[in-house]
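Heads up, there are several structures right after this.
Same chain, two partners: chain A is paired with chain B first, then with chain C.
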Partner chain A sequence: MKITIERAALLRSLGHVQSVVERRNTIPILSNVLLRAENGELALTATDMDLEIVESVPAEIARPGSATAPAHTLYDIARKLPDGSQVELDATGDLLTLRSGRSQFKLGTLPVEDFPAMSGGDMGHRFALSAADLKMLIDRTKFAISTEETRYYLNGIYVHASKTKAGGADVPVLRAVATDGHRLARVEMPLPDGASGIPGVIVPRKTVLEVRKLLDEAADRIEVQLSETKVRFTFDSITLTSKLIDGTFPDYERVIPTGNDKVMEVDPKLFAAAVDRVATISTEKSRAVKLSLDRNVLTLSANSPEAGSATEELEVSYGAAALEIGFNSRYLLDITQQIEGDGARFTMADAGSPTIVRDVADGSALYVLMPMRV
Partner chain B sequence: MTAPDDDNPFAPRRNTHLVGHEKAERLLLDSWNSGRMHHAWLIAGPPGIGKATLAYRMARFVLAKGGEDQGAGLFGAPPPPESLSVDPEHPAARRIASSGHADLLTIQRTWDEKRKRFKRDLPVDEVRRIAPFLRLTAAEGGWRVVVVDGADQMNPSGQNALLKILEEPPPKALILMAVDNVGAILPTIRSRSRKLHLEPLSEAAVVNLLGRYAPDLDRGDAVALARLSEGSIGRALELHQAGGLDLYRAMLGLLEGMPRLDILAAYKFIDDVLRGNDEASWSAVTELLGWWLQRLARASARQELPPEVVAGEGPLLARLAGPDRRERSLDRWVEVWENTTRLFARADSANLDRRQVLLNALLSIEEAAA
Partner chain C sequence: MHPVDVSAARPEAHEPDGLCRDCGAAVPADTRRCPACRSGRVLHHPELHGLAIAHLDCDAFYASVEKRDRPELADKPVIVGGGQRGVVSACCYVARMYGVRSAMPMFKALAACPDAVVIRPDMRKYAAVGRQVRALMEAVTPLVEPLSIDEAFLDLSGTETLHGGSPARTLVLLARRIETEIGVTASIGLSHNKFLAKVASDLDKPRGLAVIGRAETLDFLAAKPVGLIWGVGKALRAKLEADGLRAIGQLRETDPALLVARYGSMGHRLAEFARGEDRRTVTPNAPAKSISAETTFARDLRALSDLEAQLWPLCEEVAGRLKKAGLAGAGVTLKLKSADFKLRTRSAKLSSPTQLADRLFRTGRDLLRAEADGTPYRLIGIGCGELVDGGRADPPDLLDPGLARRAQVEKAIDAVRDRLGAAAIAKGRGLGVKPRRQRDD
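Let's turn to the complex of A and B:
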């Protein structure tokens, strides 16, 4: 393999792919990035064996071929080369020679055959969505992903096709759901073309975070490919392929209450600020905040034997019977931060039953929150 | 970060050559072909006979062939595979050899960079990597395989961490455990695994393998090493690298004088062995001495001399364990053997002075021989 590439392009691509390469790696081949040069493009691949990122950049190819070389070393070299310089990569035998201006580096390589293969095989399902939609699906659910390992099937976002009632008719939607058993986030969007038959898959947390990172500089259209065992996201020049969580997501519809009748509407920003203030007093461990509701007045309060107590009143719209209910302030803040409109609607039943939180203006997201005894 | 077996072409992860375990292979293959592969296997047997090599061989087979479509062809279903053998140049085999196969997880003792040796036990944190691995789908679409090399080195919490997975194994997951000592495995794990007992290799097989892995060795020495190692090619190679045969000869030279021990020669022998202060020669000398005592006790119990490892060994054994001494010798040699092995074990755990420990062992042999 022999190619010439612009330093900036090499640096940017290496920056993307090397983020999945762990610094301390006991397996030598995993510290390497796979370079494959063909058809006027250099493809760089890095993997931690759970997910794989491939980025293609245009390059001038003198001799097609492939090689693997230490990712971090290559990145550090590219970083230190002067801006605007041209880099020549020449792999022969088990040596990669990098030349740029008057600098020359020789790096040891490992056989390409030793490199993990993740991208093989046809994925079966394929659909496209906009970067904004994908961003929304991830941002509004990722806070609820569980980190507890015993219920490993909750350690990711459950993505599947479903139907929702809108104006009396069933509308097909693409749904993303995450829960940790205390709270649940469900976000939906109109079902993209080609997504109707997709299997329900659980995308692992690490993959979600990696995709989210790439979304910031991605083009507008993201292609998603799915199979029972893998998911692939294609941004314009970057492809991320990942394993999935091998498990069954619980029947979450069952925990979304339907008979809640006590409705409170509040400005989410004022509410979040008040909760945050009052929660200063609540104990580190429970972080409990009590909500006392009576005709259009919400009283937030917190008590702790060590720190003292706090109360704050807030004007809300509430017409049902008086109610006292407690929540974990952290969870309340996480959820209200997701609501962008000026109204958050809390639908409650009693102090022991789950509460539904929604954006008054936007029906696509729904949050369920378990109360705490206070 | 690199452990010494990283470049060893005969490390089980890379070695596609396995002899003497055809029966065990057949059993694995039949179980696979039956379509009801058990998810956990305990591959048991003495150290160095190819347990891990068999585990990796199975892993290679499952990862190379397991993903292939077994659906009916135009002329009926293809015949089931006849052997576990996989071409070492097969892409899956290449990736397994480089530790770069995303559907294979290896759990083994970690290399201690500071002390230049493997840690004594398999830490629970290593074992805990199994669950997250098996809870993700397969990267190449087929099976996921976990090889636990030295499963008996897991402590109870490690074993319990593994038990969680054996109790509720995910589909298309295979856990292969290589163990030297099945007794150290919790009964709860044993009862959930299929046991595969591997026998020590025949002397001829070890001699053949020595010809392959240590081609510089002459045949006489190879036979001697094969006898010394009792059917374990791993042990034979270890002894060969640690100069075990010369050590054994030197040891016998010293013991030759029994029932009198030449104390000056003993000091010199100990100094020679422990010069360099390296782990390999220490473990070789303790192992050889223990093994020789065991042999002595056995000879005295059976009243029959084992084949000589090195020439001239017979008369010594006969003298120490011969019929005229029979009434007392068996008990006595068993006792000496027990005491020395315990002493050696304590030398490791309590960091005793190795010189004194060796001298002590030799003196106790002298006392028993009197």
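Let's turn to the complex of A and C:
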């Protein structure tokens, strides 16, 4: 293999694929990126055996072929080369020679045959959605993904087709749900064409975060393919294929309370700023903030034996019986930061039961938050 | 605050008062019997009141605890250890007169002392007593560095004003307190650094107080074997002996640079210790990073149900200690030792800190399932780490509505036990090796 490619293009693609490669690998080949040059394109592949990213970039190909080389080293080299330079990659035997200007690097390679390939092929289900919608689904749920290994089936976003009531009719929706037992986020959007028969799948956290990174510079349409065990996202010239979490997501609907009757409406930006201020005092580990509600006045307070105390009053809309309820301030901020409208609606029962938070103007997202003792 | 004048406690030009090892009273120089309690166990030493680094070591600890609990054994040779495993964990001083030593194979010990009373070790009991001893040590100085459940270094520098007397006197009173309040005896070594304090505590066992002063340090060490030095084990001792170095005095005469060249970083320590120097400070352990309990089985176990039955009481113990300490932890570690002494540890992280035996057990059991593969095990243990304030323990979980109820059940059981004792009530899974009823809650 011998190719010439622009440094900027190489850097950009390596940047995308290298983040899949774990820094410490017990299997040497997994530290490498697979380079395959043919038909005027260089394809770069990186994998951790659960997640694979393939990206193609135009390149000038002098001699088609393929090689594998250490991904992080190659990325670091590309990063340090001067802007605007041309890079020549020349693989012969078990050596990859990189030349650019007056720099020359020789890197050890590993056999291409050893590079684990994720089986391709058709996955059965195929639909498309806009980058903005996918971004929305991820951003509004990813903070609630659990990192607890014992409940591994919570270590991702549960994506499935469902129905929601709108104006007396059942409207099909695509739903994304994540929970860690302390909070739950459920977001939905109109079901895209082709997604009606999809199985409910749990997309792992690492995959979610990689997809999210790529979305910032992605074209508008993302194609999603799905099987019982795998998911594939295709953007422009990037294909990301991932295994799914093999587990059963809990029946989350049971967790969403239906009888809560105490309703508070508040400006989410003012609320978040006040929570953030008051939480300065709460202990680092608990981050507890108390909400005291009485007749359109919300008093936020925090106490810590070491730091002192803080209170702040906020005008809200609240007409139910007086209530005191405590929350983890981080969780409150995570949720209210996702509310774009100028009203957040908290629907509460009591200090020991889950609270529902929604955007007054936008019914697509619903958050459930467990209170804490304060 | 006024700085404490430590120099006041330094040795004076004239011989200071001696000390009664029984009652801690001052004994005038050249007096052989304590004027206060008439005891003959009087200690005179020119530096007695100027030394502050101590090593306290309980005497024949496991055996002493057993004798305390069974006074009829007081004058009998007692050996703790054995079972099928066959080594002496501890032996009382009566048994030692017959030649029994700890770590001796049981059949040898019984050949030497056929009348010995052999008792199975009850590590949980010894650990509990060890904690009581530690609490008394910590009442004397915050600088307590535990080495094991029954021994620790103490630094009593600057405690003269607080305790109204020299460290030596404070230590005598501490030893008496351990004896009267807990019912076991301890021996103390007092010197000017940790190495020598530890050496000294062995000089006057049992119920001893021995002192190694600065002035006598070099003479004391000269003829002692190199194996006395902390860190010199069998292998290094053999190497030193092969190099012609048997006595500490010989080490001192060897060029330190040569020792370093030949024995690496250990050479430094050899050179320093040979001169009676030890710069290590007494450093109290950081607050507990984890709380754990383990048990060795009488015979190896393989079946999941048998292992689970052993696991549950350990979870209860860890939970009990967490609750008592006002702590909770989200890290759970299962420890297993197979019959061929291979250690397996498996960890999991909970979504929130716990102090419930129930959650520890469920997590431990999940970890155990994968390990109960037919391997025979000799030991199981469970630990809880990532400790935080107990007020944050076991918050309600959206996905586990039964958690709050189970927490209440455990609280109720704790309350009954507080009033009626630990045996008053037990969960089904705590009742021996009976297969546990499967409950899905």
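Everything that follows uses one rule, which is that the second predicted complex is superposed on the first by the 351 of 374 C-alpha atoms of A that agree within 3 Å, B and C clash if a C-alpha of one lies under 4 Å from a C-alpha of the other, contacts with A are read in each partner's own complex, and residues count from 1 in each chain.
Just so it is clear, contacts are C-beta pairs under 8 Å (C-beta built on N, C-alpha and C of every residue); 3 or more make two chains touch, one makes a residue touch a chain.
Since the model is a prediction, treat every value here as computed from it, not as a measurement.
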When chain B and chain C are modelled together on chain A, clash or fit: clash
First (chain B), second (chain C), both or neither touched by A:149: both
First, second, both or neither for A:307, with chain B first and chain C second: neither
Contacts of A:166 with chain B and chain C, given as first, second, both or neither: neither
Chain B versus chain C as contact partner of A:30, first or second or both or neither: first
Partner chain in contact with A:182 - chain B first, chain C second, else both or neither: second
Touching partner for A:250 - first (chain B), second (chain C), both, neither: second
Comparison of chain B and chain C by chain A residues contacted: B
Contacts of A:219 with chain B and chain C, given as first, second, both or neither: neither
Partner chain(s) touched by A:352 [first = chain B, second = chain C, both, neither]: second
Residues of chain A at both interfaces, chain B in one complex, chain C in the other: 149
Residues of chain A defined as touching chain B within the complex: 24-30, 47, 49-50, 110-111, 113-118, 120-121, 149, 152-153, 204, 227-230, 243-247
Complex interface listing, chain A residues touching chain C: 146-151, 154, 179-184, 250, 255, 285-286, 352, 354, 368, 370-373
Partner chain A, residues of chain B touching it in the complex: 1-2, 6, 91, 94-95, 97-102, 110, 131-132, 134-141, 170
Chain C residues touching chain A - in the complex, by the definition given at the top: 348-352, 363, 366, 388-389, 391-392, 395-400
